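Below you'll find the structure, written out as structure tokens, and then a few comments.
Order of writing sets the labels: A, B, C, D, E and F. Residues in every chain begin at 1.
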Amino acid sequence: MTDLVTFGETMLRLSPPQGTRLETTAEFDVRVGGAESNVAVAGASLGLDSVWLSKLPRSPLGRRVVSELRAHGVRTGVAWDDGDDARLGTYYLEHGGEPRGTNVIYDRADSAVTTVSTEELPLGVLDDATAFHTTGITPALSDAAAETTRAVLERASAAGATTSFDLNYRSKLWSHAEARETLTALFDHVDALFVAKRDAEAVLEREGEAVEVAHGLATDFGFETVVITRGDRGALALHGGEVFEQPVYEADTLDAIGTGDAFVGGFLAKRCAGGDVDAALEWGAATASLKRTISGDLAVVTPTEVERVVAEGEGGISR
Amino acid sequence: MTDLVTFGETMLRLSPPQGTRLETTAEFDVRVGGAESNVAVAGASLGLDSVWLSKLPRSPLGRRVVSELRAHGVRTGVAWDDGDDARLGTYYLEHGGEPRGTNVIYDRADSAVTTVSTEELPLGVLDDATAFHTTGITPALSDAAAETTRAVLERASAAGATTSFDLNYRSKLWSHAEARETLTALFDHVDALFVAKRDAEAVLEREGEAVEVAHGLATDFGFETVVITRGDRGALALHGGEVFEQPVYEADTLDAIGTGDAFVGGFLAKRCAGGDVDAALEWGAATASLKRTISGDLAVVTPTEVERVVAEGEGGISR
Amino acid sequence: MTDLVTFGETMLRLSPPQGTRLETTAEFDVRVGGAESNVAVAGASLGLDSVWLSKLPRSPLGRRVVSELRAHGVRTGVAWDDGDDARLGTYYLEHGGEPRGTNVIYDRADSAVTTVSTEELPLGVLDDATAFHTTGITPALSDAAAETTRAVLERASAAGATTSFDLNYRSKLWSHAEARETLTALFDHVDALFVAKRDAEAVLEREGEAVEVAHGLATDFGFETVVITRGDRGALALHGGEVFEQPVYEADTLDAIGTGDAFVGGFLAKRCAGGDVDAALEWGAATASLKRTISGDLAVVTPTEVERVVAEGEGGISR
Amino acid sequence: MTDLVTFGETMLRLSPPQGTRLETTAEFDVRVGGAESNVAVAGASLGLDSVWLSKLPRSPLGRRVVSELRAHGVRTGVAWDDGDDARLGTYYLEHGGEPRGTNVIYDRADSAVTTVSTEELPLGVLDDATAFHTTGITPALSDAAAETTRAVLERASAAGATTSFDLNYRSKLWSHAEARETLTALFDHVDALFVAKRDAEAVLEREGEAVEVAHGLATDFGFETVVITRGDRGALALHGGEVFEQPVYEADTLDAIGTGDAFVGGFLAKRCAGGDVDAALEWGAATASLKRTISGDLAVVTPTEVERVVAEGEGGISR
Amino acid sequence: MTDLVTFGETMLRLSPPQGTRLETTAEFDVRVGGAESNVAVAGASLGLDSVWLSKLPRSPLGRRVVSELRAHGVRTGVAWDDGDDARLGTYYLEHGGEPRGTNVIYDRADSAVTTVSTEELPLGVLDDATAFHTTGITPALSDAAAETTRAVLERASAAGATTSFDLNYRSKLWSHAEARETLTALFDHVDALFVAKRDAEAVLEREGEAVEVAHGLATDFGFETVVITRGDRGALALHGGEVFEQPVYEADTLDAIGTGDAFVGGFLAKRCAGGDVDAALEWGAATASLKRTISGDLAVVTPTEVERVVAEGEGGISR
Amino acid sequence: MTDLVTFGETMLRLSPPQGTRLETTAEFDVRVGGAESNVAVAGASLGLDSVWLSKLPRSPLGRRVVSELRAHGVRTGVAWDDGDDARLGTYYLEHGGEPRGTNVIYDRADSAVTTVSTEELPLGVLDDATAFHTTGITPALSDAAAETTRAVLERASAAGATTSFDLNYRSKLWSHAEARETLTALFDHVDALFVAKRDAEAVLEREGEAVEVAHGLATDFGFETVVITRGDRGALALHGGEVFEQPVYEADTLDAIGTGDAFVGGFLAKRCAGGDVDAALEWGAATASLKRTISGDLAVVTPTEVERVVAEGEGGISR
């Protein structure tokens, strides 16, 4: 029995030390990151049997990705690309603080996953999966990736898994209009939508308060659950006609990348364990706040820690 | 002439880089720490001739402890354990920030100091010591350590040293009731008690405002001085019937571990130098605030720095 | 279907930078190491579906072990010790070069695995395992560990796995006589014995040339295969009455720890894949030589690399 | 055509890791810094063709300085000192946070630049320079440096460059009275003066509000432009009888050293590009705020980043 | 007056710490490397006014390349690619030691330089250049790069520069036959050819001793100078009908990458300074041996060091 | 009772990582080193109660020196220089390997010790010292240092200590003739001379075999002991008319700096412990060979390690 299956691209993440610029750095911290594997890691850390599906070059760099995901307890279902030119997507991340901001440079064109097809993925794992999750990044990568996303969603749905989808618009990959057209065509097979308020506005052309947006989306696309995230103002969920609000837990932010994925991972972990939507929102927010204290995309946290944040909101010193 | 003698366990302190979890770290920062040697280092940094007494395995790890304490000017009076199984206590420290908090994992069972006896310690150093200090951690380690603590306190007191004791309750070592029974039996030989407000409540079962607690303890156990610490709300001392209040100096906290020991070290440094209790409280608070800006348990500070904090409360740039 | 199951203790491995002494180091490189998990990692790197069985404290340090083994593709079957005092064995490693030598300090007494019992291990994995491997370190840890080793060997043997055993005498754990008595009592359930020539002499009291020792051991204990290792002089195997010799492949040695385990892992990988004993010896020797170029206990190598060493004996630059 | 020429001393900058004290550090971060080369680097980063003039020992350490300045696009006009005793100035920098503060220890006595003469500098570069800049640190180094500063200012002025001067009083180099006497004698050849409010008070003996000070200095010394900086309260410029005010942009400060030089560099970059004084103040303030997020003395920023801060005041995440 | 102009691709070079594998590394050392810029850096280090021509993405990564080359004194003539998808070539380098070998993984497809054209390069710099150098890597990158290589060689030749060409066959970029066809078509405009003996055999189909190969190539293609390199067996030059032999200088090799480029840079430095071919061979061999002791592709050496190696062959301790 | 007192300058030692040049390094390893404190540390490591006398600036850098020496068990008798310009000598060390060699750059002019006088040193420690040691570096630093060296030697000798002197010629400090004149004038108060064969030739103008040189020096200056060191060819001692030869122990050399001082420290440790000259030579050679495996100037070794090298010549792995 598998709890959670995700599908998407994972890249090498290269970042200079704090205070050092990409222009002049002499070293990179090396991690891996990708929205869907970030969710799988958060899920696995919180007790789910998680599987991540993707395509990677058959090279030490491809194995680098698998190694880090496995370390966090995720099982990997990888189509290995034997091509001479098969490449791993890379992203460069410079944390700047204000007013410099955080700079992300993608070098992901023509990565192995852009040629992924359903035939080469071990989709049998979906047959007894509780949940399937992917994001709006994957279909933006290539036509093949978009088509495979559609097919995998369909199969997951057919197999009885609860499917969730994080819209995750990336302006460096496509336009609002392209995203809208491609993504809305996938919504038929999606049970739960996660979407940032600003993406709902810009991509899905939804205006008004979060609660109205949620109702509108649920109505128009038949989602069972809609979760709207609003940065510092917390999240809102619409489920079974009921609305749930969840504020953020304050955090000393060391690395904000992956916070949204940690939220989704925490939410799904609670849902897969049978929790209600309001408890899932608490888990999502707590996992996200813990993530902010950890370097890298990944939420390496325990259920105990999440529960303590939910109960107390802080850590202290234990000795 | 020796100014300050302390007695207790010092452990290897292993901590991953900021933002990295123990689960996945590839490196540890290596330091040493222990309440009593922390006090000795703060004292030595501030000009005291300080001696630390303990028992260590005769191994590179035991020498690691001595090396670091000596670097900070502390003389060491060590009983070397030649046993094959002699081990050094270790503690793992993960700084998390909020809401993750700070996690301390002790691996100190059966460390060399748990078999310490008065015979193997160079107690002659007490004969001309101005002050002796130990804490409530040492008697919690083993029956032998408790018995030796009692004997050393007795000898220090008989030799004319001013004895001080920091209650320092450690829930991972014993219960409130065990601590209360063992520690109060030692108070006969203690001139000055340092105790956190919450430990006074939980361990010594004292309720009410800090000033009442101080009066009660002074009355019940005959302490010459009682210092109550209250975290952000500062410290309060009762001495010769007079009450002194001391707020904390604000600090950019990089590492809070050892703050309390720095407070005691600063306090004792001023007292040993003939300062009044109110000046000693200022030194304690200033040393503690400086400690918070320094990685590791140890308050590596100068009298000039402490005096500047007392006078100005901040640092600035000098050039 | 599982290819290889191993059982034994894995410790945290802490080592200072090259040229720095334990007495004075300010940082440790953090890895994990243990003979049986080293073998499992080598096997997994070379394509085996490997499982490692053991007992660990339920703590970030216990998870540190699992994380690193999983990263290398090993599945873990862990009995988690929830005790407050449950501890992870640790070893400190200082690489010295000549004439300083390599210094290993163990701090493994009372580690979680010393209380391991068959009930708490997921032994079902043995039911369809091709091979089972353990070493003479495990029974040296405690009576419980010795008893469990015996029981697991018995069960593996009964389930039809080929069982192998690396004698691996550790002088810091027990005497030659104690080792001899305990280990020989296990040999009934062992199909293949790996033993260093010097251990065969000192522990098993075998004299003479390696080939004689091999014949003697095979005769006396009924081993199907005996592999004698002789450091720089290579290895010798006796199998089915036939003797095979294997020289070492030269290597630029960066870290010699784990070389023997890499040899066993390479040997078993080839055997599990259906290779002959002479080909297995080549794989063992090649894996061992590659390991020497890699920091840490673990042989992170590929079948392609092993085959290239077997074919050419060296690397060069490929671009 | 050269945009900006600066003249002054650049030192090796050695700083321990955050949280570590100079007393005990085992490593230094190695950079170079000096007010005039800091300005040149900020200018070059923002698009100016910048040249830095100085004298250095002909040694790897002298080349270390040139290497880092060149990396940031500054051309160097160096008089190489072949003397056996020629030395590079060094400064040790310990970042403390509050209340420890930042400690700077100079070791710059008798550095190569203290013997600099006009004959050995490639002053031809001034002939087509738009701007020339130096500071009140250079003439404090030695009589020769003071005399050369005067001569270079004179030549730059005669060649038609706009000359600017940052008073930059250093109490470790000379007294207020010495500085006043030497610096005011240079003002004849200065078109634009940058001065901190507190230096205007202490060195130039000017009292009153910043605007009065600016008017007084402009009147007494005939400056075309006077810029008064007031720390957190922002800057004020008097130019052509008009007064311009500029608040600071908030920043997450990682390293405050070099902030003032970044301000000057940003200001001059905009002025050399033909910008008005108010736009130049914005560029100065934005460059200074970006600098605070970067380790080291140098403002490695782009015009795009400066413009975004001017427009929005913050960074965010772009992806 | 420019001494040396080179043209080609420079990549980001990412390598894990010694003993760590790409599969598992948590950090990369970050450098830049490319045959033609390596030659320019060696030349600049040895006193040449060197210029490197290429095309880079207008991004922090593109600036990273320029920053490092400038640091070593090379002037850069860069066509900046403003395209959204403009990318910098990357190469991953794992130093293994024997028998693991050195592993290079290129990720350079579609890098900015593959679209380079003569129009966007500042070729005016060739007009007063003493020497021009490029390699057989550049034309292998794309048709555009091959065509531009031809045009730049032609222009350099027409402007009177001595042109040199290092054959540098890369099997990961093209076949022997493709290389032969493209490269021999360029030889018309080449005065001096550098070629490894094995490339002369495989690509140019030349058999026999090095001296015969050199004569054959000089005759067939009209080269003024032919330099054949033979790894450990040293180099041989044919110039003006005369043959010169040069053995290698022994070195403690820390990083062999870039050794061949250092040889060419040392050779050209001596030739541009008016040295004879035999002296140039000595400089080439000495520069190459010094390079082997330095991490990274670049030969950061001084003329004094090269001369000392030529004179004495070794270093010693000077103090 | 003090075993060994030494007197001389100790400097900050700054070195870039292996393979990195001073020209471009971004970090320094920070240690302290000086011939006389190196000897004191070797002595203390081997069990002597050692004291080092010198003068240091009263600054964090001065305390850095004291901190490291204390860490290794040396007591320090320091005259603190309160002058604003008081500076600590510094030396930059680049390890190159062959043929690059090791490069040492001193920046020690006008360091605090150059003004040292006997009045400010705590010379009372000499009154019960077994041995006193200094080197030919100290008198080369300044006239004051030379005069103080003479006076301290005289006092040590008068107090009954055995005095030893390592000639240690430094060409960067003075000429052969200057050294000869100053040093020979000190020999009246020296019991044991250590001198490298090449210094005996160049400075003391002694020709012939080592044994002749030793006899000549003993005769001419009345030394009780003469030890001649000859690099790889080992050492020779003349004592009481008897000649002793000692070969070197082979070592994997990581850092050769301080080898000679380790030799002296090992020699003196054995002599102070009552050992014969031949045993002292063994200890000297063994300590020197162990030092070569350790980064930094200091021989952090144990008597057990030295004895094992003397007995076996190598290390191996112990576990």
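Note that in this section contacts are C-beta pairs under 8 Å (C-beta built on N, C-alpha and C of every residue); 3 or more make two chains touch, one makes a residue touch a chain.
What you see is a predicted model; the values in this text were computed from it and never measured.
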**Asked** Between B-D, B-C or A-E, which repeats the contact pattern of C-F in over half of its pairs?
**Response** B-D
**Fill in**
So, in whole Å, the Cα centroid of chain A is separated from that of chain B by 46
**Asked** Between chain D and chain E, what is the gap in Å from one C-alpha centre to the other?
**Response** 39
**Centroid distance [mean C-alpha coordinates] between chain E and chain B, Å** = 62
**Asked** Residue numbers in chain C touching 2 or more other chains?
**Response** 21, 23-24, 26, 67, 71-72, 103, 172
**Asked** Chain contact graph: line, ring, star, complete or other?
**Response** other
**Fill in**
Listed in rising order, the residues of chain F that touch chain E in the complex are 17-21, 23-24, 96-104, 106, 170-172, 256-257
**Prompt:** What residues of chain D sit close enough to touch chain A in their complex?
**Reply:** 71-72, 249-252, 254-255, 286, 289-290, 293-296, 300, 305, 309, 312-319
**Item:** chain F contact footprint on chain D (complex, rising order)
**Value:** 14, 16, 21-31, 59-61, 63-64, 67, 84-85, 87-88, 90, 92, 94, 103, 105, 107, 109-110, 172
**Asked** Which bits of chain F are touching chain B when the two form their complex?
**Response** 66-68, 70-73
